[in-house]
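In the part that follows, the structures are each spelled out as structure tokens.
Each of the next two complexes has subunit A plus one more chain, namely subunit B in the first and subunit C in the second.
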Partner chain A sequence: MKEKIIEKLLLFCALLTIFTTLGIIAVLLIQSFNFFKEVSFFDFVTDTEWTPLFSNKRYGILPLLSGTLLTTLIAVLVAVPIGLIIAIYLSEYAPKKVRSILKPSLEILAAVPTVVYGYFALVYVTPFLQSIFPSLSGFNSLSPGLMMGIMILPLVSSLSEDALYAVPKFLKEGSFALGATRFQTAWKVMVPAAFSGIAVSVILAISRAIGETMIVAIAAGQQPRLTFNPFVPVETATTYIVQVSSGDVPHDSIEYRTIFAVGMSLFVITLILNNISFWLKRKYQATYS
Partner chain B sequence: MINEKSQKSIRRQKALSERLQKISKSKFYLIQDEVFKYFGLFCTILGIAVLIVFLFNLFVTAGSRIDWGFLTNLPSRRAAKAGIYTAWVGTLWILVLTTIIALPIGIAAGVYLEEYNKKNRFSSLLEVNIANLAGVPSIVYGLLGLELFARFIGTGESLLTGALTLALLILPVIIVSTREALKTVPYTIREASYALGATKWQTIWNQVLPASLSGIFTGMILALSRAVGETAPLIVIGALAFVPFVPTSVFDSFTVLPIQIFNWVSRPQKEFSVNAAAAIIVLLSITFMMNGIAVYLRHRWQKKIKW
Partner chain C sequence: MKIEAKNVKFFYGQDQVLKDISMSIKKNTVTALIGPSGCGKSTFLRLFNRMNDLIEGARLEGEILIDGVDIYNKNINVNELRKTIGMVFQKPNPFPKTIYENVAYGLKVNGVSDKNIIEESVEQSLKQAALWEEVKDKLKKSAFALSGGQQQRLCIARALAVKPSILLMDEPASALDPISSIKIEELIYQLKSSYTILIVTHNMQQASRTSDKTAFFYMGELVEFDDTRTLFTNPKKERTQNYITGRFG
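Presenting the complex of A and B:
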């Protein structure tokens, strides 16, 4: 009897995770529904202006998405090549001792709170970049993008390393037996064989960068604009939510509902990306087991 | 005759140059290999080096700003008088409350999934769901907390709302690490316990959980160190930057260190930027200390227990 009650209690705790998901979906759906009663969905996805806080209100999410896309792209361009090289170095080259020191130190990069990276981007990176590119604005997408790239470096490197590790040993040994160097083996045998696993790390990196808030809120500016120029201020979707939340917007106003429509977009995009990565991961695990 | 000889020598020369080429080519590959080794080391150290340079700058900027007054002063509109007293007390409150809420639920859910769950569609639904929750941007949890806790349940912009929101945020991490820790306990331990007549729950409570406790705590501390640095969800639920008093109950409004930092960074005056740097040093000390404890625990746990 007691056993049964305990089991039910534990089950309830596990079910809380399902309720969380349902809660997120319900909250986003209800408020987005209220939002789309006043703004047409077509305008939302095609209008090129986002000005809900001004008197001339326009509700096109494209400028916010372009800001998000731009910072994400810069971050991924930094994190993916470097992360992959780190993964290859750690798994194929590094002596055991070096590896056991370097791997945990890399994890420190992921442990630093993002608000701290935001400060670094605004106070250190932007002035440094301005000394190279004088036309760089005080708020821009380049500097937070670079900082975000460093932040997601451990994510990319550790997932890529897992992927390389999953490649069967005989492929590597076969390549060595043919006289190939570690470099040749890594790039011509291991990386192609681990391709889908590396793709998983790239997709999760993108997903993480899209949802990242504080770095871009501090250093990228609050000016929604449809541009792919990394030198000018932009506003990302996450920054907009922070901007509205830290201001005095009355509840149940259209401005208040915009953050849920924007949040819904973020949720859907990251959900899709995450599930693509799960699917890929299952596929590559099935290939090699 | 001469022709044949020269042909032979030409052939020999060709073979020789081919061999030479091969040697130089393989030498090239060896050099390439060696160069890449150092390049890889360089890339690995790059991120850490950047961080160290920034940390050094941080101490140069604000090392002298941290004194007793900075830790015990209330927030102020004048930078030199402003302190982080309310901020770090708020962070401590959030830390304790989030632990109280998330730890039992996370462990219970982990135990259910690892020990009770049968392999069926329901269990794979639970697993996919948890993996998905771990990938939801933290700011979306803020939106959930704002509507569900702050407005629907009515806990407002209080410590309780903040802690509940962060608890949901770190729950997937705790569940996953609990399961990892439970997995390391060999099945023979469970069988021995059953053989002595213990029930399933007795086995879990008396054998499996104690054996995996340090693993569970490692995951818990890592999850909490993430919660301490979280800013966005707390801003969304309405935590204020300017709280002129220290919270005394879970229903009080609050601020935390990251929000205080965000607020100071956003101001144009240089003095506030120095304040932000000083507060960052305090925040980083907390996160690094927690991570250090987690690494130490994991290290000791891996060394000590050999089944």
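Presenting the complex of A and C:
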């Protein structure tokens, strides 16, 4: 009897999460559908202006996407090389002791609340960068991009290290036995062997950066702009959603529905990234068994 | 005189797994290392290319001499040393690269960049490993596309490409089917004229078919070391007798 109740309860919890997810997707779909009844899809993906809150309304998603892309790109440029170097150091060079201390310490970086990174970017990093690049605006994509890079760094280093560590020992020995140095072994054998795991870690980090809201909302600005100049204010897709949903836009208006169209775009991008990482995992999994 | 172990003791942390082993191996011979599981054959074999250096907390006492030089001497460049000593592992371990790149790897990491030299050496090594005919049309394919036996011969070719003078083989045929296994044996027989070979095996027939000398290890001790024929037909120690007749181990 008791068993039965527990079983039902567990099932209920599982179903609840599934229905919540389905509900969210349904709302996204319906609201986006309503949005596209008023705005042509073609304009949405090709127009280079995003001004739904102004009197001259334009609905081009490109400026928001470029803001998201630019901050993400900067973050990835920071996190991937550094993360990979750390991963190689931890798995191939560091003595066991160093590794057991360094790895958890790095993971703390991911536990810092993102609002802290955001204010750090705005209050310290931007002024510091301005002392080097006087043309840097108070809001820009460079400084939050760098902070975001540090935020996702442990994701890359930790997962890549796991992937490198999981490469069979006999592969490493095979390389050493041919007279290869540690670095040659790490770079030419271990990294390719762990490629799928490393790629998955990078994709996860990209997804995380694309969805990141707080850092960019605080430090990147709120000016949708189709640009790849890291020195000027931009607005990311996530920032726009925050801006509108916390503002006083009436709920049954086209302005309000824009956030669902933007949300839908983010959802589609992340979904594609997820699928790529899933496919990569499957494709390379069977290699060493 | 080519290879010599002098009073070798080896420890993993506190555990002594090799107990005062002395042995000398002549040039261009095949020496089989046999003995029950865990007796220290692999550990002993891996001393000759300093593979055990990678294990934290491991320690060696005694000397390993190759052509009179102590290879654990401070002045020895380990990478250079390993170039002269090829190793083939129990499980085929091709790199996640093409067949061609697998064989070329050893040359490239040792600074050879001339394409013609590499190409020639790849072909020659694959021929030596009796694999050329099977792979010559798919050199750009992944090494994983090969069968287990082919992969193992690829690993042999990879080792031969850097022109070693000594080959260490740790149960090179144990993961293979009987036919592939015989192929590897034939290969060993052919390689003997130009290489000094040490081979660990659990297969008595294989040891007696391929080797000139056989060393029987038991619990970290070298019990008997003699001409293969003598050791298998007329062993001096009872332990050896029991082992080769399958009474234990």
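In the analysis below, the second predicted complex is superposed on the first by the 283 of 289 C-alpha atoms of A that agree within 3 Å, B and C clash if a C-alpha of one lies under 4 Å from a C-alpha of the other, contacts with A are read in each partner's own complex, and residues count from 1 in each chain.
Throughout what follows, a residue touches a chain if its C-beta (ideal position, glycine included) is under 8 Å from a C-beta of that chain, and two chains touch if they have at least 3 such contacts.
Since the model is a prediction, treat every value here as computed from it, not as a measurement.
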{"item": "When both partners are placed on the shared chain, which of subunit B and subunit C touches more of subunit A", "value": "B"}
{"item": "Touched partner set for A:Glu3, first subunit B, second subunit C, both or neither", "value": "first"}
{"item": "Partner chain in contact with A:Pro168 - subunit B first, subunit C second, else both or neither", "value": "second"}
{"item": "Partner chain in contact with A:Pro192 - subunit B first, subunit C second, else both or neither", "value": "second"}
{"item": "Touching partner for A:Val45 - first (subunit B), second (subunit C), both, neither", "value": "neither"}
{"item": "Which superposed partner A:Thr181 touches (first subunit B, second subunit C, both, neither)", "value": "both"}
{"item": "Contacts of A:Leu77 with subunit B and subunit C, given as first, second, both or neither", "value": "neither"}
{"item": "Touching both subunit C and subunit B, counted on subunit A across the two superposed complexes", "value": "179, 181, 184"}
{"item": "Subunit C residues within the subunit A interface of the complex", "value": "49, 51, 54, 56, 79-83, 85-87, 89-91, 93-97, 105-106, 109-110, 144, 155, 158-159, 162"}
{"item": "Parts of subunit A lying in touch with subunit B, wherever the complex brings them together", "value": "2-3, 6-7, 9-11, 13-14, 16-18, 20-21, 23-24, 27-28, 30-31, 82, 85-86, 88-90, 93-94, 98, 102, 104-109, 111-116, 118-120, 122-124, 150, 153-154, 157, 179, 181-184, 204, 207, 210-214, 217-218, 238, 241-242, 245-246, 251, 259-260, 263, 266-267, 270-271, 273-275, 278"}
{"item": "Contacting residues of subunit A [partner subunit C, same complex]", "value": "95-96, 168, 170-181, 184, 188-189, 192-193, 195, 287"}
{"item": "Parts of subunit B lying in touch with subunit A, wherever the complex brings them together", "value": "26, 29-30, 32-33, 36-37, 39-41, 43-48, 50-51, 54, 57, 104-106, 108-109, 111-113, 116-117, 125-126, 128-133, 135-144, 146-148, 151, 168, 171-172, 175, 199-201, 225-226, 228-232, 235-236, 238, 241, 258, 261-262, 265-266, 273, 276-277, 280, 283-284, 287-288, 291, 295"}
